[in-house]
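Take a look at the structures below.
Across the two complexes that follow, subunit A remains constant while its partner is subunit B and subsequently subunit C.
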Partner chain A sequence: MLTQLVIAQIVNGIVVGSMYALFASGLTLIWGTMKMLNFAHGEFFMLAGYLVYFCYAVLSIDPALATVIAVVVVFLLGVVVERTVIHHLLSRPVWQFTTIIATLGTSIILQNLALHLWGPEFQNVPYFVEGMLNLFGIRIAYQRLLILGVSCASIMALWFILKHTRLGLALRATAQDADAAQLYGVNILSIYTLTFGLSAALAALAAAMLAPITAVNPYMGLSPLLKGFVVVILGGLGSFGGAIVGGVLLGVVESLGVLFSSTEWSDVIAFTFLVLVIWIRPWGLFGVEERS
Partner chain B sequence: MVLRTEAWRRHGVIVAILGLLCFVPLLVHNPYLLHLFILSMLYAMLAGSWNLINGYAGIFTFGHQAFFGLGAYASALLAMHAGLSPWITLWFAGCVAALAGLAIGLPVLRIRSVAHVAIVTLAFAVIVQAVVANLPDFTRGTLGLAGIPSFTAFALPGIGIVSFGAGDQVAYYYVALVFLALSMAFMIWLVSGRTGLALKAIRDAEEAADSLGVDPTRYKLIAFVASSFVAGVAGAYYAHYLHILTPDSAIGVSIMVTILVMTLVGGIGTTIGPLVGAFVVTFGLEAMRGLGDYRLMVYGLLLVLFVTFAPNGLAQLRRARPQRHRGEAQGPKPPPKK
Partner chain C sequence: MPLLSLERISSYYGDARALADVSLEVGDGEIVAVIGSNGAGKTTMLRTISGLIHPRAGRICFEGAAIERMQAHHLIRRGIAHVPEGRRLFAQMTVRENLLMGAYGAPSWKERAALIDEVCALFPRLQERIGQLAGTLSGGERQMLATARALMARPRLLMLDEPSLGLAPKIVETILAIIQDVNRRGVAVLLVEQNVQLALKAAARAYLLESGAVVKSGMTAQFLADETVRQSYLGI
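On to the complex of A and B.
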């Protein structure tokens, strides 16, 4: 019985962790290319949650279509935010500091806008698919399997884009050396805009999948943002593979932690682990040591 | 506290502001207005201490609320359980915060990346908040700590007994003013002396400073510990002034956001910036009461607008100066916009 419980929790951890991975890969993508932290990442997640809620739970649009709508709208919103708030900061010498403040400001604006428009109530979104899979006595909701499938597919798609398309090549070139990439004809300013939109879209996809499990409210972005930060630091900022391994690792550790200690302490454990990792390996578990 | 005459002249405006603040209780009798003045002074102290690490040492931290909250809870719990006078526990609170500053400063100073420092300091504050919230037997958890004792009364020659009861807001006002003046004097003394020079040298060119025998780690640690100490004392004052603490109100991220807005509005890296910013933002937000729920959104707008159009804050309007804050840039710099 205990083994079954542990296995079920591990499976759950992998499912939730795959969403952390999706969310965090957006953060790490932005860091890798633009060398900035996006404090508004959680608000893109939140807005996508509301879009799915309105499209699917209120207007009864097909969940797949609702997800696509949420992802596309949030992608466009990301592009708009990058163009209006971030873009001109990137041409200044100390943008790492100013972009943190600008995205934090954006996050406060979006969060309060949502609070004002839709109120602080939790809105429930029904499961996209009903039913449970019963495998050797371990019961897993189909919704969770769907989450796992979608995140695997999108991570592979992202990997394919990064490794095998011209866009991915331009993106990686910009991440490696923006000056050199520009000399070779890459329009790095457009790459920044696209990266930001793509990253927002990843947060949106994670939100669409998680909305039925976590319920939608204006503050739902804070927790994944903090966890996303833990994941990208653990995995090494800018490392795509690190974000995925880090995400799944955090998901499993958290799910197993619930079995052994009360849930209130899980955040404390996660963040203490983060501070310890930073102390010992400042560049993360999979990151490359940066020149100092 | 020895201040050079040159330093006095440079900080004349600050002295003038503090001097004017002495007369406020003679003119303002509305308790709510006095409360706003007290809050402004408290935040000026807090934002000033954050500015010491960020504006002068050039390390962008995002967890200053941890030191404020640690100071607040340490002083409140000591006064409640050990029966000590808040006048004594206040300094303990400063020391607890300073120790925490030392503990988190050591790992943080090994990191050069702006992003890592911001996340680790934020993580530290989240840990402190979660621990305080998860120890209900000790801190009453999220319910909040209530019944924190007031400052004890004392006799002042020429004035008589100064007490801190429910109607004695003027007494609280002057205590806040004295603390603000002390902390400003301490920080001006620190930044206009050898430490300040060393910090600025490190901020602007760390390798060069290092090669000239200025130990970056030592001076950054001094800034970290001094800053945490001031934040801890400010937190202790907050606890004994409001008599109630919750993990959200005393250690929440919103405190950090407020500090950030105030420092940015006033001018980062200047001694006067946080002082001006604290008053402008506190009273400005109050003036916008009519906006209701939209007021918080103003914080966000202020952050975006100031960072875009006036990154050096209101201090910039006084005289044009080159951008002072230096993040330790890593990786490729985007080229100037065409």
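On to the complex of A and C.
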């Protein structure tokens, strides 16, 4: 019985962790290419949650289409935010700090806008697929399997884009050396805009998948943002593979930890794990040690 | 009409003037050297030409067009390739990917692949290392890759910033041979070097920069005969 419980929790951890991975890969993408932190990442997540809620729960649009709508709209919103709020800061001195304040401000504005428009209530979103899979006594909701499938597919798609397309090449080149990328023909400012949009879209996809499990409200972005930063630091700042492994690892550690304590302790477990890891490897699991 | 001309260019870093009224010309198919000590403004000059920084005053003409306001990513398409100081390879990318980045502006993958074959014929060593990460290459191989990456863009003008830096004398010879080989194929070269001997050997004409200003220019033979140049820069 205990082994079944442990296995079930590990599976749950992988499912939730795959969403952490998706969410965090957006953060790490922005850190890697633009060298900035995006504190509004959680609000892109939250807005996508509401879009799915309105499209699917209220208007009864097909959940797949609702997800696509949420991802596309939030991608465009990301592009708009980058163009209006971030873009002109990047070429000015102390942009490392101004962008933090600007994204923090964006986060506060979007959060309060949602609060004003839709109120503080939790809105429930029905499962996209009903039912449970029963595998040797371990029961897993189909919704969770769907989450796992979607995150695996999108992580592979993202990996393919980064590794095998001209855009991915430009993205990685910009991340490694923006000056050199520019010298060889990359318009780094449009790469920055695109990166921001892509990153927002990843948060949106995670939100669309998780909305039926966590419910939707104006503050729903805060917890994933904190977890996202944990994952990004755990995996090594700017490392795509690190965000994936870090995300899944955090998910599993958390859900196993819950087994031995209670749900309220999951954040404590997450941050204790982070502290332990950066104690031993300050540059994260997949990061590269920087020497000065 | 020269391929590239700088007319009274002044560039600044913040409030500090790094180039003062610099005028310079590079003719079609020529090798021109720019020499000078550390901090004389040589790197700033190349960065200004390639559009990474914009001059506060003066004109830069390339093939007759004013380019001093253009962005770096447009200039590579016009035929100016800049191998920056320290090579600036994409260390976490393979040799092949670094070369692909050189041909970023090429219209198709097919064309990029053809360019890789062409460039690897010049640098057989890179062909052997094609799948390796650029960060794992030796110093000489890195300079080869940086030069090859620039050639992938099919430039009319190749600008090299300190290609001999940190390399053993024997490898410096190889690099020199490569520069001359590239030049024979019709590519003009603007060579910035602290290794004055190498620069004067490779180039036909040279400019001497001191504190951001051109203090001497002419045929390299004149430089080699000049007493102050011999004393301050060649140590003979």
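To be clear about the criterion, the second predicted complex is superposed on the first by the 288 of 292 C-alpha atoms of A that agree within 3 Å, B and C clash if a C-alpha of one lies under 4 Å from a C-alpha of the other, contacts with A are read in each partner's own complex, and residues count from 1 in each chain.
By definition in this document, a residue touches a chain if its C-beta (ideal position, glycine included) is under 8 Å from a C-beta of that chain, and two chains touch if they have at least 3 such contacts.
The structure presented is a predicted model; accordingly, all values stated were derived computationally and were not measured.
Peer 1: Go through the superposed model and pick first if A:105 touches only subunit B, second if only subunit C, both, or neither.
Peer 2: A:105: touches subunit B, not subunit C.
Peer 1: Quick check on the superposed pair: does A:116 touch subunit B, subunit C, both, or neither? Answer first, second, both or neither.
Peer 2: A:116: touches subunit B, not subunit C.
Peer 1: Just to be sure I read the superposition right, which of the two partners does A:167 touch: subunit B = first, subunit C = second, or both, or neither?
Peer 2: neither
Peer 1: Check whether A:138 is in contact with subunit B, with subunit C, with both or with neither, and answer first, second, both or neither.
Peer 2: A:138: touches no partner chain.
Peer 1: Under the stated touch criterion, which partner chain does A:8 make contact with: subunit B (first), subunit C (second), both, or neither?
Peer 2: So A:8 meets neither subunit B nor subunit C here.
Peer 1: Just subunit B (first), just subunit C (second), both, or neither: which does A:177 touch?
Peer 2: So A:177 meets both subunit B and subunit C here.
Peer 1: In the superposed arrangement, does A:73 touch subunit B (first), subunit C (second), both or neither?
Peer 2: In the superposed model, A:73 contacts neither subunit B nor subunit C.
Peer 1: Of subunit B and subunit C, which one contacts the greater number of residues in subunit A?
Peer 2: Partner touching more subunit A residues in the overlay: B.
Peer 1: Applying the touch criterion given at the start, work out whether A:282 contacts subunit B, subunit C, both or neither, answering first, second, both or neither.
Peer 2: Touch partner of A:282: subunit B, not subunit C.
Peer 1: Using the superposition on chain A described above, determine whether A:186 touches subunit B (first), subunit C (second), both, or neither.
Peer 2: After superposition on chain A, A:186 lies in contact with subunit C alone.
Peer 1: For subunit A, give the residues common to its interface with subunit B and its interface with subunit C.
Peer 2: In subunit A, positions 177, 179, 182, 188 sit in both the subunit B and subunit C interfaces.
Peer 1: Please output the residues of subunit A touching subunit B within their complex, sorted ascending.
Peer 2: Residues in contact with subunit B: 31, 35-37, 85, 88-98, 100-102, 104-110, 112-113, 115-116, 177-179, 182, 188-189, 192, 226, 229-230, 233, 237, 264-265, 267-268, 271-272, 274-275, 278-279, 282, 290-292.
Peer 1: For a test of understanding, state which residues of subunit B touch subunit A in their complex under the given definition.
Peer 2: Residues 60, 62, 104, 107, 110-116, 118-120, 122-124, 126-127, 130-131, 133-134, 257, 260, 264, 293-294, 296-297, 299-304, 307-308, 311, 323, 325-327, 329-337.
Peer 1: List the residues on subunit A that touch subunit C in their complex, please.
Peer 2: Its residues touching subunit C are 166, 169-170, 172-173, 176-177, 179-188.
Peer 1: Spell out the residues on subunit C that touch subunit A in their complex, using ranges where they run on.
Peer 2: Touching subunit A from subunit C are residues 50, 52, 71-73, 76-77, 81-82, 84, 88-93, 97, 100-102, 104-105, 109, 149, 153.
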